Amino acid sequence: MARLGILFFDGPYQAQASETVVKLANAALDKGHEVHIFCYMDAVNAVLENQKKVEGIFNIEEGFREILDKGATVRLCNLCLLVRGTVKNCLKKECGDVKRAGTPDLAKIIEETDRLVAIC
Amino acid sequence: MARLGILFFDGPYQAQASETVVKLANAALDKGHEVHIFCYMDAVNAVLENQKKVEGIFNIEEGFREILDKGATVRLCNLCLLVRGTVKNCLKKECGDVKRAGTPDLAKIIEETDRLVAIC
Amino acid sequence: MTKKVLYFITSEDITGVKLAMEHTDEDDVTILLLQNAVYFANKSNKEVTQAINQNKKVAACEEHVNIRGLSKFISEKVKLVKSDDVVDLIFENDSIINF
Amino acid sequence: MTKKVLYFITSEDITGVKLAMEHTDEDDVTILLLQNAVYFANKSNKEVTQAINQNKKVAACEEHVNIRGLSKFISEKVKLVKSDDVVDLIFENDSIINF
Amino acid sequence: MSEEKNVVILLRKPPHGTLYPVEGLRMSVAVSADFDPITIAINEGVYTFLKDTDKTMYSMHIEFLKNIGLDIYVDKKSLDALGLTKDDLVEDVEVKEHGDILKLIENSTVTIPF
Amino acid sequence: MSEEKNVVILLRKPPHGTLYPVEGLRMSVAVSADFDPITIAINEGVYTFLKDTDKTMYSMHIEFLKNIGLDIYVDKKSLDALGLTKDDLVEDVEVKEHGDILKLIENSTVTIPF
């Protein structure tokens, strides 16, 4: 089994990236791989609580809860959260291995995974 | 004096749009015009509380507080806020005429202003 | 009466400039570039150069040009305007094509 | 030993495809299109058509092609892959050029 | 003043990579309460109306506009550039020559891009 | 495994319209703790290093990379396309022929676009 790193930049709903991240992570986890995700820039907003379910729209919060539950790790660029005012709204550690982090943590993900993909 | 409508789509920091909106609104208000802003899609995130001040970065929350203080009206697409989970984080009515709204409110802005610009 | 039309271009999509150039000559057209669209004002850009050669009015937001360090790369025929002037341009024109 | 390289293209920027086509023939190159980059797989796209003519391997995410209703507009030589296969492609290759 | 305003909603981005086409159509529907907006698809925005595209999120908007008699126009020049034809699109839209599309935009009081 | 990884940070968007170039450079700095990332500007990303561009938000990153001996390369072909020359750029970057830029990307284990 191998280790996959995923980096992305976009917030939820406006762009497809966060949905692609969830689906790719699910596919990798289901095959028994490790998945380590870094949310950079607007991507930190993909992991906020209280995203309302709307019919026909893929709910990104649920997607992240599912992959966290399956063991994915999610790191959130702390500075990105701070400037956006959304620090207190992120999914909590009860959901799994989700943490605020710094850019050096992406270096760590690059080092400790076998492959890194960026979803633009 | 005239009435300016402004529509935008992007959240703060990743893109320049929200900064442009604030500066254009300020210039119009300082000339004595009315300014009516509609925040659509990610743009609703431009009006969140607790955006941390970082040196060298234009603080969007402060910008919006300033133009609200000068009399701008700000309408936030309610559905956009709901799906993003940020309904409770918006600037409150103590800051000025800022309200959740529906897309018909943009129609109203188009009807009741002399010109509408979209900041992409 | 001649209609005054403002192409208000804030996105990096050259289509806005192209549409402005195709706009009927009966109207009085101004192309206003803001945000990353000011990069189109670089002399190397063939669409904006052509618009200038066709005597279309081209303006660019001075602040957005300056923070990008572009002033020496753009034609003298591009009018640099301040936020103040942008507001005036918006109201002086009869219709706004946003892009 | 031949290096296997994956161009992992998720953005609507054709430069990724161009870089893949310029990649040295010594390596075994695959171009994988996802999200709106799957529109590049439309037969009318000259870069991807050229890549196919040069016998480059081109794949596209099947789900992303299908929700866009594109299947009948793309070349038979574009391999449609499922999320599962995308994961395998990522690990089968030695290096990943994201774009 | 409102009855004099010609509003054009311009769809320029393809569906599914971003929400822009969906939100543009939603805006057309909303604006139709006060105006008669004209919806126009250009460039890759024309992909919005491919027959086989998943329209779960916006078929009701197309339907709504059709039911109240508002037109959706597609730029033929953009279609040609993408190797598409009228037959590839749903029947609820009308393909127009580029010159006619230009006239609609020229006659607008405000054009809003999505 | 880490010492074998060649990381390329690719700047492809121009500054000030988006934060991408700033965040790309910040990432180069961060990644430099564990790797020797190569920073490359192509297409409109080359505008990031214009002499007169306001670099308040990223001059410290350019400085940092220079001080630890990491290179920033600019694609000459992209410069040419924009009518720019080496002299228009800050001295801390090195202009390279397109072929050399391609080789750097080809030799990367991972290329990350900004």
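Should a chain be cited, it is by its letter among A, B, C, D, E and F, assigned in written order, with residues numbered from 1 in that chain.
Just so we're on the same page, a contact is a pair of C-beta atoms (placed from the backbone, for glycine too) under 8 Å apart; a residue touches a chain by one contact, two chains touch by 3 or more.
Since this is a predicted model, take the numbers as computed values, not measurements.
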Neighbouring chains shared between chain B and chain D, ordered by label:
A, E, F
Please find the path from chain B to chain E through touching chains that uses the fewest steps, and give that number.
1
By the touch rule set out at the top, what is the minimum number of steps from chain A to chain E?
1
Let me spell it out: compute each chain's centre from its C-alpha atoms, then which one is farthest from chain B's centre?
D
Farthest chain from chain E, going by mean C-alpha coordinates, please.
F
One chain pair leads in contact pairs, namely A-B
For chain B and chain F, let me know how many angstrom lie between their CA-based centres, rounded off.
34
Per the C-alpha means, the centres of chain B and chain C lie apart by a whole-Å value of 24
Touching at least two other chains at once: which residues of chain F meet that condition?
16-19, 110, 112-113
Specify, in ascending order, the residues of chain D that touch 2 or more different other chains.
11, 13, 35-36, 96, 98-99
Mind pulling the residue numbers of chain B that touch at least two other chains?
9, 13-14, 16, 41, 57, 114-116, 118, 120
Every chain pair meeting the touch definition is listed as A-B, A-D, A-E, A-F, B-C, B-E, B-F, C-E, C-F, D-E, D-F
Could you list, by residue number, the parts of chain C that touch chain E in their complex?
5, 11, 13, 15-16, 19, 22-24, 27, 94-99
Quick check on the complex: what are the chain A residues that touch chain F?
7, 9, 40-41, 102-104, 106-108, 110-111, 114-116, 118, 120
Across the complex, what residues on chain F touch chain A?
1-2, 5, 7, 19-20, 23, 26-27, 29-31, 33-35, 110, 112-113
Residue set of chain D touching chain E in the complex reads 12, 35-36, 39, 42-44, 64, 66-73
Counting only contacts in the complex, chain E reaches chain D at residues 14-18, 44, 47, 50-54, 81-84, 88
